[in-house]
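Below: one structure, written as structure tokens.
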């Protein structure tokens, strides 16, 4: 950066270009330790999930009742055949944990996308139109916030069964509020900015303004909220599964694995410690990424 | 102010109405409640008896209408499962949940506010990093897992604290820690952000230019402004804690309202589930209202208008 | 005019940025005598605010401030501890900021914000502090001063708030008053009133004042001497009149030529002709 | 200066403030029966204190807001009946704040060519050619083409905004305080640029400002607004030499202009 | 023995009332056994019905039973027991309007009448051979006018379940906090010469702990003395603890697969007998029974529990033979197998293991987990193609409680096979034990042959309790704490 005072005033025209916004972002991103750690965690877990079919030593669904509850390799009778041991049906625990990453990502990402779609649409409309539309959306948000998420999710999943897509749909329908609130307030701020007024004065249609002018400016907040909601959805799914009303067995979901191992907590703590730690680690990674992205997009001091 | 209260009240009623409609509709989609009441082995004849007895043979809209009419009079009907009035059931269970929620929010505040202030004043330095890490880990740890781990450590290994139940104060220590730790991070961040914003604000610069001492600036100027959103969020968070206590209650065997809700869901006990969801909704609305009032009371800009 | 109240030699301020250190102020000299107003003008970002904050030692710690000398009435400012500095601020040296809307704490009453300053620097009871505050509010032209003590900042108009800021700054009879663009946010009519008030007070109390603005018109109205800053340096300095009549530096000339004057019309007499010549 | 390009006939705009479920809204008359003609080729300045309704007027002229009463005629036709596309092509805005009037996520090129895209009559290459042409006219280097607003100074940004307003070759440009956020030196450049372009492109300006000196510098006629009404409208010379209304006199008195070099007085010292 | 002579036992169920008429859960039945007495008593060991409140009983005719009552019994509130109490109780529950929840168990009951000071008669609607089992287990005697104090609830129904318990049994309820704990103390005045004997333990507390691992934690830390329903693995692990005794006891609950025999669930796969038989051969029931249910679980071949009267093992057996299963599937036209939803509600591990075995022969299942009530509804409507269900027969040691229930042509009959219903009807109405046995055997043979059901294995129950406790579990899943004591 050249001296900013030189850029203005007399030397206006010969001033060099400052770095582009994306260059600045990269610069900040590279120096952000939390973002680096978070991305590393998320990357590794994602890799485990994607490469599960190649790296998992066994079929995660293959049961063998004669090999039930084998201990992990670090315990007394552990073998390298089953690094993390086996579960109550004799399935390889490591393979199930690896495949579990897929489920967590699948649920987290699709629930966040679903709720993003709902929330962003409502938030955009409310923020842009204001007035009555805003009142209606705000009312929706209040109703949504007034519903206790865990209870309603439990009730709904118990009614419709724990199919993966049902869990995703329920979570999507319950987690859109933060998107709506954030998008609404960001849109309100943007709406009064002159470039939006200018676009209208130039004759841009409303969809063009919403999607072409406003949406690109909302990507930052959406990414931040999105990452937090992915983490939220993963945690919520694991809680539902823990209470027996999440995705159904034999799906290797981490929350379900904790629930299945719960009975053995005092005798074979690996059954819970491993999937529980996997959830915590992934959620931690995603949260770190989310925080990092927020810092990078809106560095303290100026937005 | 009266107008403010009236319009909030109208919204509260509308929200409650919408929520009641949603949960009634939800429950209607469930299996036959008669089966749930009769339990295993009921015959068609038994079910007929039960249906007639509880009025399930009426059209849905009539059922909703009559339910709503009773609710307005404070009568949520009888629990299908217990056969006792839902209101007394909830009143009985609410004490434990309220105690848990109150302690949890206390834990959260005690954790969040000092850490938030510390983090803000030592921004980007070690203390800040540590505070944020504590927060981030709290947000990432599934509370059921943390609860189980704490039980196995403090209750089973060390035997310092009871495993489950709600008889004494000691019973509430672990669950309120778990719940409070989960609720703390959002308040911590808010407190930190509010504090940072306040410390960076023009009025703090003015205060420094006036020669005030750091303690005066922190306590008299910055905190007053930074704590405003934290207080209102704490009120709302309290609602969320109560609504989200299901998991913790089930892990720690606290027979509070969350547990009641969960069990009522599993046994299709409509009136109880409906009442709980509705009461939570009302509680939430009431708490946000309270938060607004507190905020208005603390913030002259709102109070005066 | 007597010996200077403030004398600063070779003030340098360096701001570390991700792309390397930025010299926001590079070696300016300042000196103000009792009863004198020094105006500082210059375009946005030339380092006016940074220099004044450096005098108050209010810059964040990561910004490096250096000077050969920085003295207020013979007191060395540069190497004082934060606590020692806090004792001086508000007492010997006071400051008014640009934005009256945000410079006052929104959740505290005007009275509280005034008395706390006085109590901080003087051994006085609440009552005395209150009397003093009311006194000054009256002095800066606020009617119903006693009543206004109980009022919150948002209940006052921008002009009134700026008056409150001035009153706070004058509470402890400082030796030096720094005003950083105190009227930029105000309407033209209000701006004129505040400027007149400042000039009056300055003359009446004989205090030294540094008046910062990017508007030469504003500076001309209150200052005895002017210093023109450009890119962190002083490019021109001198008595107001001399500077307007005989601008020495080409930048000053360019600046002057950019300011529309009475009767100047497009076509007849082009704005910024000097500027184009110098570019 | 005979034809009225834009004509305001007895325009009022009333805002409802507050008003919820249980309260009557308070009415605010932002514009109160304003009639004004903007002639072809002239620069009409609109001055007045903050909140007097200047921006509201410009928004109505741009068709962004609808008058509560009265009508706006463009080229003799009511703008309500005019096709939106035709109107927006012929009347373009320039706003006050160069920092918020450009979409931070778009490049200079994307911003400037937007009106052409909306017209939908130009090929990609054609659009690029015209953007380059305009940058030239604005005296901005071609390498700015792919720059983002955050990479530019305030003056440069305002040039981009001017470019965006001019690319569709409009007849009328409504400038709402286009220089009040800028430094004097940059202001001078922008003012000069606006006036040069006016001659080159045969533009008509409505120029809103609160700076009387600026107004005197560029305007042909001046309208003074106070509390939603036009209190005085006159030729620029007439207004400055013989202000009619008290309000105008007051405004002139508090304006801070640099004294002529010859009669500089050490103001503060003497007072 | 511990210092205080008290016992705390825990289970996951919230008991709403110590009253088998208004809470049909097993825990409520267990508790009611301690508070109330029935007319007669079923002795598990002797496999005989013994007198309890009745000193003797006789069959007057096919639809009339006569009981002589004890004259030395008092209720907990001090009132003495007599014929009017029996008459009140049975007339009350026989009235459909009172809506007792186990009305299905007593549809045969018409009325009761006193025929002497200490003699009562029960009148039946039709002959019902299994009547003694019901009288012994789920029909306790309440004091005359017991429910008169019930308050009026919402919608005009009486809140019968909130009437405080008052029985003649060995324990009195002293503290009842619904869903939390129920405390009982020994009844000083209990008659000691009955089959239940005098209680040895002074205080008995029931705690609801819905979470299994919490139960274990409490057991290990001494918060409770007795739990049941542990998984085999938990039981194995707990057996390592020196201060605990673990027992794996058989129960009367069986696990079975039920099929959509009518093809009404959107697939007609299971209308083909070959497919059902293939499923039978595909599942390694032996292995699942031993590994997941424990040493005392046995494979069941007929649609009843082997210890029930009328049950037989002499039916067609589907042994584990994946090859045969595959060839049967090929015969049925599914050489590559198929995909289907399997429903379950009780033991995920078991259902998962079944699904795993089915997958090995090409039947890919999609597991759907539901609440019992919703699932029962679904199956009744014929909308569940394949479901893993269990049935506990209310501990009635008679096939009428299971085979007749499911294949007697009622709403839960998946087959409605006339020949089977006819045979069952014959068994149900006959009072000659041999004739009954023969009729039921015929029905069971047909069910197995057609593979209408695939009975899997019997359930066991794992108990774990303080080693100092002298306690023996019984196969009827009704722990008898009145005969337990501290060593």
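Order of writing sets the chain letters: A, B, C, D and E. Residues in each chain are counted from 1.
To be clear about the criterion, a contact is a pair of C-beta atoms (placed from the backbone, for glycine too) under 8 Å apart; a residue touches a chain by one contact, two chains touch by 3 or more.
Because the structure is predicted, anything quoted here is derived from the model rather than measured.
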Pair of chains joined by more contacts [C-beta pairs], A-B or B-C
A-B
Farthest-lying chain, centroid of Cα atoms versus that of chain C
E
Could you state the distance in Å from the CA-based centre of chain C to that of chain E?
89
Separation of chain A from chain B, taking each centre as the mean of its C-alpha atoms, in whole Å:
23
Let me have the rounded angstrom distance from the C-alpha centre of chain C over to the C-alpha centre of chain D, please.
33
Distance between chain centroids, defined by C-alpha means - chain B, chain E (Å):
39
Two or more other chains in contact with one residue: find those residues in chain D.
183, 185, 189
Junction residues of chain B - those touching two or more other chains:
30, 148, 151-152, 156, 250, 266
So which stretches of chain E touch two or more other chains?
211, 213, 217, 220, 371, 374
Chain B contact footprint on chain E (complex, rising order)
14, 16-17, 22, 24-25, 96, 99, 101, 103-105, 107, 153-155, 157, 159-162, 177-180, 207-211, 213-214, 217-218, 220-221, 223, 371-378, 391-392, 394, 405, 410-412
For chain B, which residues are in contact with chain C within the complex?
201-203, 205-214, 216, 220-221, 224-225, 228, 298-301, 304
As the complex stands, chain B meets chain A at residues 11, 14-16, 18-19, 22-23, 26-27, 29-30, 132, 136-137, 139-145, 148-149, 151-152, 156, 196, 200, 240, 242-244, 246-247, 250, 258, 261-262, 265-266, 273, 276-277, 280-282, 284-285, 288
Chain B residues touching chain E in their complex are 30-33, 35-46, 49-50, 53-55, 70, 75, 77-78, 81-85, 89, 92-93, 148, 151-152, 155-156, 159, 162-165, 250-253, 255, 259-260, 263, 266-268
For the complex, give me every residue of chain D touching chain A.
59, 62-64, 84-85, 87-89, 92-93, 95-97, 100-106, 114-115, 118, 139-141, 143-144, 147-148, 150-156, 161, 164, 168, 183, 185-186, 189
